[in-house]
Every structure is written in structure tokens, then in C-alpha cells.
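Per-chain residue numbering starts at 1, and chain names A, B, C and D are given in the order in which the chains are listed.
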């Protein structure tokens, strides 16, 4: 059975900005925040650290950054779905703008992930691509205009609300995340309040003056938004 | 400093035929054989198991199956050289026929590996490609005609001797391995006796009736060839 | 303004089975059939023959087999949209299973084609992919299960009707073609009668005993189906 | 039989900066200069204009910018070697930095070109790559440091002389061209005088104030260098 995610949640990764022990240290800070604020945190780990992140943390939901839609066999440099699962991944990121995939490969990778009960976290660029990918019923859809990634600029609220409406009209069970360009805890709060089920940040945190502190604040902001939403603010 | 390899050596991998704990079990058998016969064994591990193989074994020389010639930064699904090294890899396989690379990328990956003191294990197809790649001075060159890989057929001795001569004429310090199609310990012995500094097998072992036993026999055959060569047989 | 296509139409290509003058000869037969039966025929020409096919025929609607979503500039080996248009192409094939594209590239290529008034002929594999691609509003959608292409087996009528219904529910103006595995004029007739706006065949024609005769018969079959549909049979 | 090239020669292309009739106009200017100065001029034409350039000019030696190492058959969007030859190409550019190829594909493409008597014009980046590719015995080797292409900066003479020496030491029959960053006729003259058998320019010409005039001057400069070399200056 797939891991059950509670919304709203937070998502982060280290891309390839840091490696080795620093990944684990970062993951532990994310895990501590997850526990402190009782918020689910998805962590996209480099292939080489999936197992260690998984074993070193209690509550993080660990994702692989990509996998090939293959079955056990040849392909020495390919990423086998069974291997990322065995290493502790509970899901997989698909079609990130830094690793765009053919539509056919996206479909096949979602199929393989579902076979193995791996969560599918699918990235899209424009609204129409998000809508098209919603038809493949991923668990999470992350529409992030490519030009915003790592830019420090965020999507405007009109885009955010429109994309949520479009995705939900196709499949209300798909969770929609906003991630591109987020650099402050306030943005995290605002996106959740605007109806996103999740917010995410990677370079926005890593390039900040105090990454661990900002990571903690962002998870805190999800919790704050959750409570405000529950209170009907 | 790069890991020093003693010749003749043996090389193996599991490609993506097996995953998770089975990789570790296989690696431990290879490690035990390495110790039993005092023969260096190179093990190409899936990204997700590089660290665990490295930590679970004593003498294996662990290689990544591929890496991107990038520096720390973006590229969430790319394989960062610093990350494979931090995970315990002592080298990297480059240009395997299941992940062919542009000449430019081969050159850049060798450069990055050298910067990080990672052994470079470069695969070639034809003799002329082996010769061309010898000019890039990898540590190990593995010329394997693509059509033989996984076929159960081995290169003939004429090819083997010719390729060794050609490579050594360019750079005598490059170690030459034969791997394509090896399925028996006798072939391992014969290739070493014919002048190869190494023999390798992956699917030949995994598809055999008793993989662990064959793996052990192959490492034993390297040792036997080594002794016979020392005695000048 | 884009070329206006009258339905039902026929589509064919020579892939890379033939080249040079043989392409022109084939195109002329298609053109003659187009005139004889007053049926629009789309012809996907190799890049090198787009201009000559266009200049040697009267009624064929010529398509490029692919183009890069670039603007005039660098990219010496890329296919510039302006160049295929200048050569006489009236449209472009996108995402053929022999050249799968990322979702993002499909979107951008459709955008570029629309800017240049080039018809967009988009291929899909499964029904769900056809539906996803319908959201990008191509002019023509050609859902062909990859495993049928060149196989001599056709899609069953259940698939055909389902895919038409699904595409039309999203955008009734998209023309739906069936092409995979068609080898007889009767199949062409049947697919049109089943509601397809077009039928297509390439290897089915080229591998037949008498390709020119079969090509003519297939265009004739479109005409026959058209008349029967008009008569309400 | 392959087209015989007389050295020193000039090489140019339009990449994708211009298209359609403008390509033909440019080609005609190159052709006129070729005749005026009795210098061979290689012209790399976009796929769609290979035939028209070939038919509209008398002396240009026309090259395709790339081809796939396939045989007639499937691959609707691939570039068939037989097709570019039938369209009038006398050769093919291989491994341009804007379309880098795997070492294996470079080898196979050279083999296919030789089968069809197509001239092979192979690009390299660093000196060591030029040396490696010299082992594949192309007809022409064009070592151009990627960072110089389109930059307006040229290789220094030390690089030029070194690369010629290295290539000739492997195969003296390989013609060596210098192209990256050339923007003036004087540079063309200097490179030929320094021992290059050819000089080339594309963006350097197209971005100049008076492209046709500069193109003519560059071909003239090849002629001037040729005469000065013959006179032993």
C-alpha cells in the first residue's frame, strides 16, 4: 500500500547542491521539523543517499528524483524502480524540468510506480501541461513554470488558483503543490492558504543565509496555514 | 589518491538483474572470494547500493555505473561525482554500451574523476574505439564488442591480443580487461593467460545455475592464472 | 492561414524505406489518387524531399516528419520550423513513436507550428495519452498503439470508437486518424465508417506486392466510405 | 568515388540563422566566389535545402549537417544517409558541438559515409579529442574548442599548429580545418598560412555588416594564402 500523505504537506530536496553527510544533516533537520509541527515532509533524495536518509529519519517521506520504467534486467546505469523502493523510497519524482520525460515514459513510469506502491510526484510546466498530466492520475502534481525554478520569483496567485481548479476538475484526489521560486516562509503560508495542498522549496532554502532555520520556518508555516484553514480564517 | 589496483584483477556487477539485499549478499560473496584468493575485485554497484556495498565489504573496490560530468549545483536527477565518491565509490564506469556517451562527455567525465581521485573504467566497442579512448588515458579499458554482451559468446583470442597490443602501444599503464560474454572460470583463466590484466562477468554469473559458486571459481581462476604467469608457464 | 483539410482524408508516408526519386514517384501516385477520387491526401515527406514533393505534386498536403521548437539561430543539425515551411510543408508530424518527444517539447512545437500556420499532426500511444494530447488542441490526433506500427495488425473497433469519443469530448474540432497496422483498402473503409476522420498507411503499402495499386485503392476506399456516409448507410 | 577536394579550401554554412530562398542566395554567392578564386568551397546545407543548393550551384561541395547511421527502413524522423546522398550531398558533418554524438555513433556514421562515398567532416573539441577522432580516419577534421564557436574569438596559433601536428602524426591524409570564431578574411589567411588546409566561418559571416562581401573576401583570402604558400613565402 502506498504511503498515506496528510495535507497540507511540505516538500524539499537538495538537488545536487550538497552531497554525502550534508544531505543527512539537512534531512535530519527536515525530519525534526516534521515532528515538531506534525506536518508531513517529502524529501527528494539523491539516489546514493535514499537508503541512508530513509534509515536516519523517522517521519520523512523519501522520494527518488527519477526512475526508469524498466523491469529487473539489463541497463547497468539505469535506475530500477525495485531498487529505489528497496532502498527505502516511498515515491518518485517524475518529469522534473531538469529531467524532462516523453509523455510515453511518464505514463509508463506512473504505471510502474503504481505496481510497486510508490507515490507519484509529477511535475508540469504550463497549466495545460498540468491538466494533461492530471489525466494520468498521479498522486501529486507540481506545476512549476520552468522559468521560475531557482529564480527567486514565485508563481502569482492567479496562476496558483487556476491550476488547482483545473487539476481538481479532472481528478479531485490529486494533491497540488506549488514550489517554483519559493524563498520565504510567508510564501509557503500564502500558497497553502490559496488552496495548494503543499508547498516546496530547494534552492530557496539552500541559498538562504540560514538554511536550517528557514527550513524549520517553512514547515512551521505549513502548520500555521493548516490551523488557520481549520479555523476557517 | 586513487585506489591502487593489483593485477590481475576480477570485475563484476549485478546490473539491474537483482536489487536491495540480494546485491549485498552477492557483494559479500565477491568480497569473501577477494580475500580467499588475495585478488582485487572491482564491483560496479547500483547507485542506491554504493554506500551499503562499500560499508558491508572489506576489500571490494566499488565503482559507480555512471556519473554526470557536473559540479555541485542543479540537476536533481543527475549523478553527481562528489556524491558517488562520498557514498564510498572508488571509481566509475564510463561509456558502458548500455549507456553510451558522447566523446566530449567521456573526456569531461574522466577529467572530473581524476579531480576526485576516482578510478576510470572506460568501455569501448571496436578495437579502433579502444585505441581512441586509450588516448584519454583511463585507468582501465574494457573493450567489449557490443554484440557479445550477455550473449554467452566471448571475444576470440586474436581480438584479445590485438586490443591489448594496441592499447599498450599508446599507454602501457592502462589496464586492459576482457569481459563480454564470459560464462566460465576457464575463460577467465584463458583471458588472463592471454595477457589481459583483468576479466569480468555479470550476466554470465547471474544466469548460471549456481552464481555464488561460479563467482568464487572465477576469482579463483584469476589467482590460478596469476600464479601460473609468475611461474612463467 | 493553415491549409484547410476536407474529411475524410488519407495519410501516408515512406518513412525511410525509400529515398530520392522513388519518393517523388510514390508521391505522384498519391497525388494522382487524390485528384482521381477528390480526397485530401496528407504526405509526410523526408526532410530532404519536402520541397521536391511539394513542387512535383498538385494536391498533396505535405508534412514534415518532425521539427525542433526553435527560432532561427544556432543548432546546425536541428530542423527549423521556418525552414520546413519555406520548403513547402503545410504541417508537421509531432511525437511519432519513432521520435517520442517530451510533453514540454510537444507543447512548444504545437505553439511554433501555430505561429507559422503549420498543421499539427500529433501521434499518441494509449487512449489516455490521446486524451492528454487532445488538451493541446492539435489539428489532427493519431492514436496508434506502438506495438501495432508496422505489425500488420490493426486496432480493434472498440479501441477506435473509444478513442474518437474521448478526443471529441475534449475538442470536437480535432480530426482523429487511425493508422497503425493498416494493410488493406477494406480496413481503410472500415475505420472511416467507424467514425475516423482519416486513415493512414505507410509500411502496409510499401511492403505489399503492388504498392502503387494498393495506395490507389486505399484512397479510393476513403472516397467510397465518404459517399456511403453521405448516403447515410 | 568520393568527391576530390583541392586544398586549401573554404567551408561555410548558414546553420539555422537563415532559411529558404536566403540559403540559396547565400550559396550562390559562395559558388561565385569559388569560381572567381578557383577555390573549393564546402557548404553545409540545412536538410531541406540540400537538393536545391546542389542544383542551383556549380562548384559548391554540399554537406549534410548530420545523418543517422541507419540503413533504409523505419525511423520516420531520422536522416537516412542514402537520402542525403540522393539529394545531392557529397559529404556529411559529424559530431558538431551543436549535435554531439557518442563515440560509437561517430564510428558507425563514418562507416556508413564511406560505404556511400560521402566525405566525412568530423568536428572535435579539445586536441586530445581531435587525436582520438583522427584514429577513425575522417577525410576532414575540424577541431574547434566549443567555447569559441560563435564567440568572435579564434584559436591561437599555438593551438592550431599543435592540433595539425597531432592529427598528421596519426594520418597525414586527414585535412585539418580551423573554423571556430573566424570573423575576418585576415584570420582565414593566417590560419591557412599556419598550416591549416582549410578555414571556415558561419556566424562570423552572417553577423557581419556585409555578409556577401565578407564571404567573398574570405574565399579570396584562401586563394591569396594558396599563392603565397606556393611561392614559398
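Rule of thumb we're sticking to: contacts are C-beta pairs under 8 Å (C-beta built on N, C-alpha and C of every residue); 3 or more make two chains touch, one makes a residue touch a chain.
For clarity, every value in this text was computed on a predicted model and none was experimentally measured.
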Chain labels contacting subunit A and also subunit B: none
Chains in simultaneous contact with subunit A and subunit D: B, C
Same vs different contact residues, subunit A with subunit C, by half of numbers used: same
Taking each chain's C-alpha mean as its centre, the one farthest from subunit A: D
Pair with more cross-chain C-beta pairs in contact, given C-D and B-D: C-D
Rounded Å distance, subunit B centre to subunit C centre (Cα mean): 47
Geometric centre distance via CA averages, subunit D-subunit B, whole Å: 39
Geometric centre distance via CA averages, subunit D-subunit C, whole Å: 36
Shared interface positions of subunit C, touching two or more other chains: none
Touching pairs among all chains present in the structure: A-B, A-C, B-D, C-D
Interfacial residue positions of subunit C with respect to subunit A in the complex: 95, 97, 100-107, 124-126, 128-129, 131-133, 135-136, 146
In the complex with subunit C, residue positions of subunit D that touch it: 13, 15-21, 44, 46-52, 65-66, 70, 72-80, 82-84, 86-87, 93, 96, 98-99, 150, 202-203
